[in-house]
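Naming follows writing order (A, B, C and D), and every chain is counted from residue 1.
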Amino acid sequence: MIDVLYFAWVRERIGVPREKLDTTAVTVRDLIAELVAREERYELAFADLDSLRVALDQELSSFDAPLAGVREVAFFPPMTGG
Amino acid sequence: MIDVLYFAWVRERIGVPREKLDTTAVTVRDLIAELVAREERYELAFADLDSLRVALDQELSSFDAPLAGVREVAFFPPMTGG
Amino acid sequence: MKLQVQAEPFDLGAESNAFAAGVLGAGAVVTFTGLVRDNGGALAAMEIEHYPGMTEKAIAAMMDQAMVRWSLADALVIHRYGRLAGGEAIMMVATASRHRADAFAAAEFLMDYLKSRAPFWKKELSADGAEWVAARDEDEAALGRW
Amino acid sequence: MKLQVQAEPFDLGAESNAFAAGVLGAGAVVTFTGLVRDNGGALAAMEIEHYPGMTEKAIAAMMDQAMVRWSLADALVIHRYGRLAGGEAIMMVATASRHRADAFAAAEFLMDYLKSRAPFWKKELSADGAEWVAARDEDEAALGRW
């Protein structure tokens, strides 16, 4: 089981701020493919990966990073703090 | 008659903050030559022109600038504000 | 070093005074404050979302890097989240160093990283509705100078 | 635009708050504060001499230039003269703009010009006696970037 978190408009499109998933995905990209195959709201949220960022256990990461050992995956748009 | 002002260590070496001078000097450099010829304290103050700055009527200027029409000349070391 | 991520407003003046009072060895203090902008007339409100946990970690790492790279006497970051009214301070950064070049560079570095690498997202609320603020290409490009 | 050359202490916090409150259209406020440094242990005192009249003119000209060059929403300069104790604020600069790059650049520009082109001279007073602060080559060189 892995915690998946969504922020900003990703959260709004998917409709929940977080969920627990049972996945066999090897990489972040695999996990996204699983989600997109599930429901349209995921397809909508993950339509353009260039406008998305991912953090693994709260560290910015790449979509090709392996999920082995990861407990928390977060998807969000580019940050706009400051 | 021209007002001549001195600041910081220039003032300390010359011993007065300002004085009125009757001069026929054409440029700042001429005025300095007149002063240096007068008394040792001026010689001491004007020994190294590279470490001095001059303002004519409160505008930074050069030692070769003409004095015609100038009412206030000020000599001082490089500024150290801020 | 002080790092606060909070929903509550903060007092820019009080924070600036407290910061300056604590850095007697340093001669230079720089602060940056981000305010909710008035977008052409009507004051906008803003909703800021963040990623609790990651936010603090990411900012602390940036501050550690800045402290070492510019031998700062001290650094401070305060960033708010939640609902903010027009004119309110969103966040502030303060840096202190012996000479001004270091404090300026470190404050700009922290701002560039905070903008693009700390997990905050701004939503502008106006009479026309709510809109997520898009990241600016200049902000991403600014990271290239460090 | 506010320019004050004064003997009296000023309150960095109060000035920062008042400045930020007056620039609702701007999103970015930068302040720089110069403090009397503690030189390795004992707090130094400082005596600052200036050239009344020229000081105000020179600073106002710098501020006018900054306002235009970076389309600032506002700018502020306060600079003290006379006797200052260790830890006291010597001067401050504040700038406000829509985006942060302008406020940072304008604040650095004003500082570079204030350092080397505003007629102030600092004398450090310590247990060893009094000494005029020498101009730093870096400060003169810094003007070259503008």
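Details
Going forward, contacts are C-beta pairs under 8 Å (C-beta built on N, C-alpha and C of every residue); 3 or more make two chains touch, one makes a residue touch a chain.
Because the structure is a prediction, the values reported are computed rather than measured.
Counted as hops between touching chains, the shortest connection from subunit A to subunit D is 2. Of all the chains, the one whose CA centre sits at the greatest distance from that of subunit D is A. Centre to centre, using the average C-alpha position, subunit C and subunit D are separated by 22 Å. Taking each chain's centre as the mean of its C-alpha atoms, subunit B lies 48 Å from subunit C. We define each chain's centre as the mean of its Cα atoms; on that basis subunit B and subunit D are separated by 26 Å.
Computed centre separation for the pair subunit A/subunit B is 72 angstrom, with centres defined by C-alpha atoms.
In subunit A, the residues that reach two or more other chains under the touch definition are 82. For subunit D, the set of residues that touch two or more other chains comprises 34, 100, 111.
Contacting chain pairs in the structure are A-C, B-D, C-D.
Residues 34, 48-51, 53-54, 57-58, 79, 90-91, 111, 114-123, 132-135, 140 of subunit C touch subunit A in their complex.
Subunit B contributes residues 5, 7-9, 11, 55, 58-60, 74, 76-82 to its touches with subunit D in the complex. Interface residues of subunit D facing subunit C in the complex, by the touch rule stated above, are 11-17, 20-21, 23-38, 43, 86-87, 89, 98-101, 103-104, 107-108, 111, 138, 142.
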